[in-house]
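Structure incoming, see below.
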Amino acid sequence: MPNTFGKFFTVTTWGESHGTAVGAVVDGCPPQLPLVLGDIQAELDRRRPGQSDIVTPRKEEDRVEILSGVFEGHTTGTPISMLVRNADQRPGAYDEMRDKFRPSHADYTYQAKFGIRDHRGGGRSSARETVGRVAAGAIAKKILASGLITRPGAPEETAPAGVEIRAFLTQVHDIAMPALAHFPTLTEVEATAVRCPHLETAARMIERIKAVRSEGDSVGGIIECRIRGVPAGLGAPVFDRLEADLGKAMLSLPATKGFEIGSGFAGARMRGSEHNDRFEPREGQVRTATNRSGGTQGGISNGEEIVFRVAFKPTATILQPQQTVDVHGAATELIGRGRHDPCVVPRAVPIVEAMAALVLLDAWMQQAAQCATFRF
Amino acid sequence: MPNTFGKFFTVTTWGESHGTAVGAVVDGCPPQLPLVLGDIQAELDRRRPGQSDIVTPRKEEDRVEILSGVFEGHTTGTPISMLVRNADQRPGAYDEMRDKFRPSHADYTYQAKFGIRDHRGGGRSSARETVGRVAAGAIAKKILASGLITRPGAPEETAPAGVEIRAFLTQVHDIAMPALAHFPTLTEVEATAVRCPHLETAARMIERIKAVRSEGDSVGGIIECRIRGVPAGLGAPVFDRLEADLGKAMLSLPATKGFEIGSGFAGARMRGSEHNDRFEPREGQVRTATNRSGGTQGGISNGEEIVFRVAFKPTATILQPQQTVDVHGAATELIGRGRHDPCVVPRAVPIVEAMAALVLLDAWMQQAAQCATFRF
Amino acid sequence: MPNTFGKFFTVTTWGESHGTAVGAVVDGCPPQLPLVLGDIQAELDRRRPGQSDIVTPRKEEDRVEILSGVFEGHTTGTPISMLVRNADQRPGAYDEMRDKFRPSHADYTYQAKFGIRDHRGGGRSSARETVGRVAAGAIAKKILASGLITRPGAPEETAPAGVEIRAFLTQVHDIAMPALAHFPTLTEVEATAVRCPHLETAARMIERIKAVRSEGDSVGGIIECRIRGVPAGLGAPVFDRLEADLGKAMLSLPATKGFEIGSGFAGARMRGSEHNDRFEPREGQVRTATNRSGGTQGGISNGEEIVFRVAFKPTATILQPQQTVDVHGAATELIGRGRHDPCVVPRAVPIVEAMAALVLLDAWMQQAAQCATFRF
Amino acid sequence: MPNTFGKFFTVTTWGESHGTAVGAVVDGCPPQLPLVLGDIQAELDRRRPGQSDIVTPRKEEDRVEILSGVFEGHTTGTPISMLVRNADQRPGAYDEMRDKFRPSHADYTYQAKFGIRDHRGGGRSSARETVGRVAAGAIAKKILASGLITRPGAPEETAPAGVEIRAFLTQVHDIAMPALAHFPTLTEVEATAVRCPHLETAARMIERIKAVRSEGDSVGGIIECRIRGVPAGLGAPVFDRLEADLGKAMLSLPATKGFEIGSGFAGARMRGSEHNDRFEPREGQVRTATNRSGGTQGGISNGEEIVFRVAFKPTATILQPQQTVDVHGAATELIGRGRHDPCVVPRAVPIVEAMAALVLLDAWMQQAAQCATFRF
């Protein structure tokens, strides 16, 4: 099931960029959760096009419809089907794509795999597919954030205050933000169109994006994601390590090229004596003095902040002529058209958060299934 | 099933570092494959301890036994159960671990998750678990390399010559290898104890590892993996992208902190106009002029070399005193003992290859199931 | 994923009886299959209410909409999302259900499991859920019937003519059809409102159903399903035996109480010497002289007709007063209202066929993945 | 993964009848469960050959070895690998099977599927495979029976006394037991070699089996399984209904031809007014006055006794000459040899119980994952 993510709280997305609609089915959602349309719409509004002057001007309102699984304002434990109709379609704008493979897009590989493809706007390979992820992630985020979740295996009074997930841009092209001392607020992140909580850096990023756009070009960037409030014990040994599932989640997003947790690639340049996070007792809990592990050890959360970073390549669509090959195998030239983001990374922030929420809730439910129910 | 990897060609590993044995069960293996013990033993010999003077001197012969699924030298299509008895156990050496959480190991997190742990040598969290992965990967490698595999959806005469997977060290601590122009041979990789095909760099790496060991310390490093002979069309849209599955596979390995494919994190600093891989017709095929994509586009292989890198942190076990906490929550000090690798990365090379083989074969079988059988 | 069926060709259904809509998402569908709305609508028309004077008079047109996965009349290999809006809702008719548990319905058990339920018309437990199954099954049936499917592991010229799946009623209440000598045609089955190909028995079944309905009562019945054109070799050893998957598929249908294949329960009363199907060479193939096995041996198809039967209990909704308990645990009385089928079995015929198609196509793809691609 | 059963508490079995060993890997087992070898050996002793004078005289001690996942007498939450070496092999006894397909065995279908087979004693298709199931089921049974399991979603003080699973023979050939008024004790079941708790019937069954054996023939039979102590709320809507999973579990056993729950096939002959189980308040709980549903409604347990029956065909191996076909497609004759059970049903009793335990524990964990952790 290549279009399904998760094992316990699962989301199956469907839909093509310029088909009738895109959507998702969530299966395994806990029952009795208060859920209204606004909970989901709010997250979709963060990812939709046309939010600011540095993203694509496509007009898509992305109004979500809940078709099942919610009754009188509460989840029922049955599948939640959500749908967003596609709008502002200009199919004619994509005629060139029918015959030519766009460089660094998925046109050629879909053709190679399936022998057929919906060429319009990238079809299934379009980032529009992430609408379904964000809708499902909104539910997961609400459950995690609610403070109404019982800690697996622990008495009720120790229930955590809630899990907070915060993603933000640390880099656009070669413009990087200085290290952040605190856990940024949502307000800080949403303060600028690039979703970088360091205002001065944000201004430079915006300037760079505009400059690049004016040249018909594009740029990449890096998102950092921090998560706090996760109890120790989530994740599983061996293949379903928390960082492995987070990595898969992030690398399943369009345009991603890398993932690192904690010290990441920099950790490869360190010695054990400087990298190890020594333990210390703090407020009655086992805590680490540093956090080079990034919140997991042996694939299982240790109660510290989870910190990871995701690298995004520059948008493949550029408004410059490019050499390519057509569907008959002949060399040709393609001139990018359409309305695309010169930098996809700011709009990817809520998507990264959604995927992180899906991974964490799944791990929570795995822990509940295996460890929390039994009192041997 | 946190201890199972793959959806079609699956491997389930089991076993603790100092239990009776470790092993794996492979399910879904194609029938009629010629398979002898030596096919598997050869790969196990590459990962086992005691191969050179820069790795742990533990004496483990790691003799594999095949218990099922092979009949008269051929696979039967039924589960292949493989077992390696543990030897050279010195349980007394681990008494300190029973009560103290080793920094940056999984002792504390296993305790938090399960409320119980086999403390001896890290138990299930030990890299010894990867014995089962390497055994299963040896079978996958043999299938991929055989040239006896039919290209999904293609006439038999176009069957590829075989898939070659080659991992090697590009970095230890801050010593990095210059860019490699060619696809290195197995002989080049195996020529030195660090498995770095650039001899001069390899010598410096070995020197550094010895220096660090003499201080009771450890270092990290980076492995690059290249794969050639993969036809276009493997991998799946959305969640099961080839790079997502490769990323999960690698991040499920002990001590990994990062994964990147193609341009990776460096790609975030580029413009679209420099990052895009333009297409060109070459020898009757659609090829790319550059390979910043790293062999996949939209999550599906494009026929170019697959290139990814994995970051490993320094070994957590060091022979220096470290502050930590005991199982009762009290501060204490731990002095590392035992026989460990000052740098795990050289021994991780065959493990990286094994995991890559598992991912690729799984994608191949997914393609066969969905696309290759039907001739509408 | 309790709302997903299949491992390769998967269907996820969603929706409640009186919610906005019901639907299904198919993942793993082979690409390039010609598919039009009519292919699916035709099967839905066979299951929808109001087809004859012996089924519920509810007016539901059940017009299906395809939202994704089909492009210019062909499947693309991406998820196919299908939706049927609910109509003719009379929510007021179900007010009594809010407070009272209907005997032998799922009201109480959903409440016990989820602590909440959409009481209207049974919500998720309604047979209306099977709309999604029939829609998905229509695609599977088309693939199987097409004759355009390559036999796994066999040269193209031996491709089967196509798989035919035919279900029909053999029993209503105590009225049973005599043994059928031939494979009935679709026309024979559809000739009567009860879908029993034996006309005289069909007439008596209809009479009985009308009599029972006039008393506000209901009756059960038995469906037999026969499948021909299945090559030997489908199904898998051990847990995913073909009969185990068929059994699960059928027992997942509302109102089913039993499943048997081949000789079934009668086989328990036989001796080995009379039960064994001896082999004989016929037209160059290994065939059996009898078919007490029902088309599978050791869980794998043997090329003979697959024959199984499914027992359905009488409809739980009856228009007679029944003692029950309300949501507060107090004894009360319930008088059935609404418009229900006095016998659900005739409408279950296309649903049984749909599920059988899903099981067979899944087995076909499993075979393709494991056995058909490799030529060692 | 055709050799894996379950989604939460999973068992993967491996091994051939006359290979080196058979075994199982259990993944997802709750940690901290007290577990000793004897817990598993006791159940294996109930299924092993040579227990009485009506079963096969093969001498297999079936000593189980636990290789992982248990530490100091408790489960650790990591995979439990179990192994039973094969003994008393007489490979020569099976030479005839290499070339001839035994009627109603899986020889031909395995050959058709895989193109290769381990012919010795049926290889993977042998009932010897169930050793792994019984070993895994023994763990599941212990958890369910312990009374140490917390009821999903309920306060600790309401934890059930424990789940009891009791299977027994109700029929051999045409000799059937009268209806049983009480829940039989294990002692009653184990009192006779046929495991029928009605002594007089048991005596006749034994006599029949001996008579049939003396003619070189075999007989089938029926097992009933009753389960009490299951709280309401286990099982899932739609595809993973409790009866669907029980049905799949039972139909995955060798020699099974049918499954029915509650009223079963007899229910098809009833009216709704006689079949419906009316609710009544009893001891503060919602209970049913009758139990034609067999303990589940809408696929979810209702707190009543779960009652199902499984039909077994007569043993395919008979000691009479049978016409068949050889591997070259030529007609030939086969004379059964070897030491087989004239009736497999008595030895199937612990296997049925094991599979039922696996299904129930899996449903329990599904409930824990989705519904028990959250307190919205």
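Should a chain be cited, it is by its letter among A, B, C and D, assigned in written order, with residues numbered from 1 in that chain.
Keep this in mind: a residue touches a chain if its C-beta (ideal position, glycine included) is under 8 Å from a C-beta of that chain, and two chains touch if they have at least 3 such contacts.
Everything numeric here is computed off the predicted structure, so don't read it as measured data.
Looking at the partners of chain A and chain C together, the chains they share are B, D. One rotation lays the C-alpha atoms of chain B on chain C, and its angle is 180 degrees to the nearest 5. Centres computed as Cα averages put chain A at a distance of 44 Å from chain D.
Chain centres here are Cα averages; for chain C and chain D they lie 26 Å apart.
Counting partner chains per residue, chain B shows two or more touched chains at residues 2-4, 13, 28, 31-32, 74, 77-78, 113-115, 124, 237, 366, 371. On chain C, the positions that touch chain B within their shared complex are 8, 28-34, 74, 77-78, 143, 146, 148-150, 152, 156, 159, 237, 364-366, 368-376. In the complex of the two chains, the chain A residues touching chain C come out as 1-4, 10, 12-16, 19-23, 25, 27-28, 31-32, 65-69, 71, 74-81, 83, 113-118, 123-124.
Taken together, the chain C residues at the contact with chain D in this complex read 2-5, 13, 101, 103-106, 108-110, 112-115, 124-125, 129, 153, 171, 173-174, 212, 217-222, 231-241, 243-252, 254, 256-265, 267-273, 275-281, 284-286, 288-289, 292-294, 296-303, 311-318, 320, 322-325, 329-331, 366-367, 371.
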